[in-house]
Amino acid sequence: MDYTKILNKINKEVKPYFGKGKVASYIPALANVDPNKFGISIQCIDGKEYHLGDSHEPFSIQSISKVFTLADVFYQIGSKLWTRVGREPSSNQFNSLIELEIDNGIPRNPFINAGALVITDMICEQQVGPKLHILNYIRKLCHNPNIEYNEEVAESEAQNGFRNAALANFLKSCDNLKQPIDQVLDTYFKQCSIEMSCADLSHACLFLANNGKTLNDTREILSFRQTKKVNSLMMICGLYNEVGNFAWRVGLPGKSGVGGGIVAVVPGKLVITVWAPELNQNGNSFVGIKALELFTTLTKRSIF
Amino acid sequence: MDYTKILNKINKEVKPYFGKGKVASYIPALANVDPNKFGISIQCIDGKEYHLGDSHEPFSIQSISKVFTLADVFYQIGSKLWTRVGREPSSNQFNSLIELEIDNGIPRNPFINAGALVITDMICEQQVGPKLHILNYIRKLCHNPNIEYNEEVAESEAQNGFRNAALANFLKSCDNLKQPIDQVLDTYFKQCSIEMSCADLSHACLFLANNGKTLNDTREILSFRQTKKVNSLMMICGLYNEVGNFAWRVGLPGKSGVGGGIVAVVPGKLVITVWAPELNQNGNSFVGIKALELFTTLTKRSIF
Amino acid sequence: MDYTKILNKINKEVKPYFGKGKVASYIPALANVDPNKFGISIQCIDGKEYHLGDSHEPFSIQSISKVFTLADVFYQIGSKLWTRVGREPSSNQFNSLIELEIDNGIPRNPFINAGALVITDMICEQQVGPKLHILNYIRKLCHNPNIEYNEEVAESEAQNGFRNAALANFLKSCDNLKQPIDQVLDTYFKQCSIEMSCADLSHACLFLANNGKTLNDTREILSFRQTKKVNSLMMICGLYNEVGNFAWRVGLPGKSGVGGGIVAVVPGKLVITVWAPELNQNGNSFVGIKALELFTTLTKRSIF
Amino acid sequence: MDYTKILNKINKEVKPYFGKGKVASYIPALANVDPNKFGISIQCIDGKEYHLGDSHEPFSIQSISKVFTLADVFYQIGSKLWTRVGREPSSNQFNSLIELEIDNGIPRNPFINAGALVITDMICEQQVGPKLHILNYIRKLCHNPNIEYNEEVAESEAQNGFRNAALANFLKSCDNLKQPIDQVLDTYFKQCSIEMSCADLSHACLFLANNGKTLNDTREILSFRQTKKVNSLMMICGLYNEVGNFAWRVGLPGKSGVGGGIVAVVPGKLVITVWAPELNQNGNSFVGIKALELFTTLTKRSIF
């Protein structure tokens, strides 16, 4: 399938949807992003690529980084990971402490902040230099050695990170954070500040559509079964408390970030990444969801 | 693909899993079911069928009936249905009132009891004889005119139905139940008491794998897009508060009932129904989930 | 102490507080009450009485009736009552199901609706004619044989009583309602519809200020210790989710009703009843709380 | 009234209640306390004192310190304090984050940990040396210049204080903590580590029974009205999620600490402090509550 026409069609049809969401404003570095940015990149498992708009401009990947840290830890330590994190959807906000307290410090899933902090803690346990480790892991995945943290964003996050610090301290009080809180938070804020383009993200996530393998080599990022399971998690928990709506409208496993990016996977076919900074009230890209909805409607590529 | 060998393999491998769950005991008619019953039926969209064990013995479909009433109402009244019911997962038990009160009487989704009562209420609004209507709808779907309510089960449910009556009264207090409570509850208890075999259920649900169409005619049960959306709902909400676990282990849209049945859909391919009465702590068939996990593992038919 | 001047002072000072609350509107019989009604009656244990304004006009006592049914049951069956109802404050609305579900059907206290329904159920268990029994109990307490149910109010409550029916059904599902739901609800709606004046209520509740005894005879309504305990319950749970505010501003055990009445007790001294139909957002009399606050400020009769 | 006989009677009657609770074990300094310690001190407003057992041995006052910091701040800044803290009971544990999140960072009352942290933050805002300030405030109240922090306890609390750090960070994220988190936590852990005897505590709290004044001078600690209000708060919120039980059994305003101390106030009469280290499941002194129950039963000094 040639996706060029489809991307052009999407480009036209999403126009009226700009101006209806709000760019994340909790830190200056995000608040100052041009709300009209819009990019899409498709990476197919046969190697073909399709790009539209600002698809090569790096943006703050934020929570999309949780996919990478999860994949890394899951491959390293396997199923015992799930003694410390659940796999069920959360019905609270992504940074809520309510369910965490009810569940005695076991985060509902690895994509809410509490769960992601536990995953990052596991990386800190295993790696001498966890921050560089994460960066290198992602660089390799997308074959782009220039991927970097945005120090200013990480610094801003840290200065405003009281809610995440509350989560980390709560986890620690339940003995579900093993490394020093400051180290885990520092690593977490750094991973969220990583900047990647739509193209980078589609390259990096291709293994999720390709049975766990990268495109140009036979390197295994996840096993065949692990890949399916990570996709299932993205489907069930990838868009915070809007997973039902995303499954309904788009019908693909996906992961969003407050930078306005969404990565979605068509298993066995392709990865598509959208970037549009304006967010809806759930913290997901307003135009991004619309673009992905158009994509599966036009291509009939929903997994359902 | 010839599924005969696979069914035989599953049959062997599930043996050690019997005796670990508990048959539903809240009404005698369910409590007295033989816990060792086990059946599987696969219905493919090319017309092929595969059956194993007690696949032609009728059992109480219970909550699986919610798929049929939802499909019926969704096709009749379309998207305005969603002003009265949500499409997000619930993190409480299937019969909980907590989220319903927090959400001011809008059930989180149509597969928890509160949501199913609203759907049944809509049928009661539209149909003169809602109970016969539902029966005929299902009979037609599975080409089996002998499908019947089990009056004894319905009667038992009604006598022990205080929790559902609490839900119905709460919905009514929020003006989200339009017909008389007694009528809605009576219809609901009847629909849950319907008895079908694995074969019946796989026949009846084939439209979910077949773009909304039945097998042997061109009759549209749901539109192409509606079909995908109902599948997405089953994925996100079909197994109560175990949707993450089911997506993780099985990777298919599915709907379970406390009678021990689970229907799962491989979009574009087939429907598979399992029956094993012993339930896990979440009220889903213990052996049934294992059997379906084996099915997608052996066939690689997970949608992820 | 001569309370005449104090009542006159209160009368003057509450004037600016009218028009700021809202008369209960969920049933016509309450919605049509003149919002400017205002009465106070003080009954002292030495027999002196003080009255102001509309103090002899009957109004709907609503939840104040819960004090009478509790006292009756507590005296009859004693402490075993507390196996079915708690004695802690509720932090949800008076008609909430959330805590009831969390606590497996044991209401947090006897003054929220769920708890009052259990108390009424106990009366229905013990008495052949529970409705007449309650009426006679209250008539005797206030030496007024003309106290009656308002059938129209009871009927309206029943027709709009879905929320209470939800509570009753939930309690039944937890086996914490023994008599038929319809009987308990009918009795409950009737008790809430009873009409009494401020004078009647101060007479009837005098035993709470008088160590459990009525004024003119030596009849024991509650034992000395039971009386203190019921007062403590009113302090901790008598004004729904405004108990802290009431303790802070008024500093007396009290019980309110959506008819706009509040009964407050100065142990060892007197009972004071206020009636002003406009309610604040918590369902308590807006002017009534102000009047009682003035009373304890001017008389220094707070128990603290 | 001569309380000597009554104290002796209590001493005899509480014997069988030892060994049924558990000494606080979350830090070694508390875990090593002798569980059989038992002391009572009564300080009357007429200057008489009564002491029993280990009434002059200092112990860790823990949450009882919250009464002192509240009184101090309330007298300094008055009612505007209540824009940052509520006055209603909490139905969660004393260190819960659930209600705090639901209420957007406004603690339910000043006696749960979150509320106490806000009060301590206010002291940190006002005072150059908040820790010394608190110490001096208490020293003056009880006329004992030897009152000290226990540095070891404070250090242990700090090392295990992740839950309080979670609360502080959450408050900060809601902008309801103005000073640096570390300073507020350090001050809070210090105030909780203060050691006082029953006699010290009864001396120090006498103003609560004496209309806001200390015994031997005319110094005003709180105004007449403020005193009543602080007593009302202790009644409604002083024993965590056991306030109903304490009101029921004891019938006095009180404040407990996990060191095993409880201070209770008979307004206009006396203050009674009990110390017995074994705690019930709610974190309140098991024997202490029994002793106070006996006290009000034998003296009829309940406020109800």
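Note that the chains are named A, B, C and D in the order they appear, and that numbering of residues resets to 1 at the start of each chain.
As a convention for this text, contacts are C-beta pairs under 8 Å (C-beta built on N, C-alpha and C of every residue); 3 or more make two chains touch, one makes a residue touch a chain.
Owing to the predicted nature of the structure, the values given are computational and were not obtained by experimental measurement.
*Asks:* Relative to chain B, which chain has the most distant C-alpha mean position?
*Replies:* If we average the C-alpha coordinates per chain, D ends up farthest from chain B.
*Asks:* What is the distance in Å between the mean C-alpha positions of chain A and chain B?
*Replies:* Centres of chain A and chain B (C-alpha means) sit 32 Å apart.
*Asks:* At what distance in angstrom does the C-alpha mean of chain D lie from that of chain B?
*Replies:* 55
*Asks:* Could you list which residues of chain D touch at least two other chains?
*Replies:* Within chain D, no residue touches at least two other chains.
*Asks:* Using the definition of touching given at the top, classify the network of chains in this structure as line, ring, star, complete or other.
*Replies:* ring
*Asks:* Okay, what are all the chain pairs that touch?
*Replies:* Those chain pairs which touch are A-B, A-D, B-C, C-D.
*Asks:* Which stretch or stretches of chain A touch chain B in the complex?
*Replies:* Answer in residue numbers: 86-91, 99, 108-109, 224-225, 227-229, 231-233, 235-237, 241-245, 247-248, 251, 253, 267, 297, 300, 302-304.
*Asks:* Please give the residue numbers of chain C that touch chain B in the complex, ascending.
*Replies:* Touch list, chain C to chain B: 96-98, 101-102, 162-163, 165-167, 169-170, 172-173, 181.
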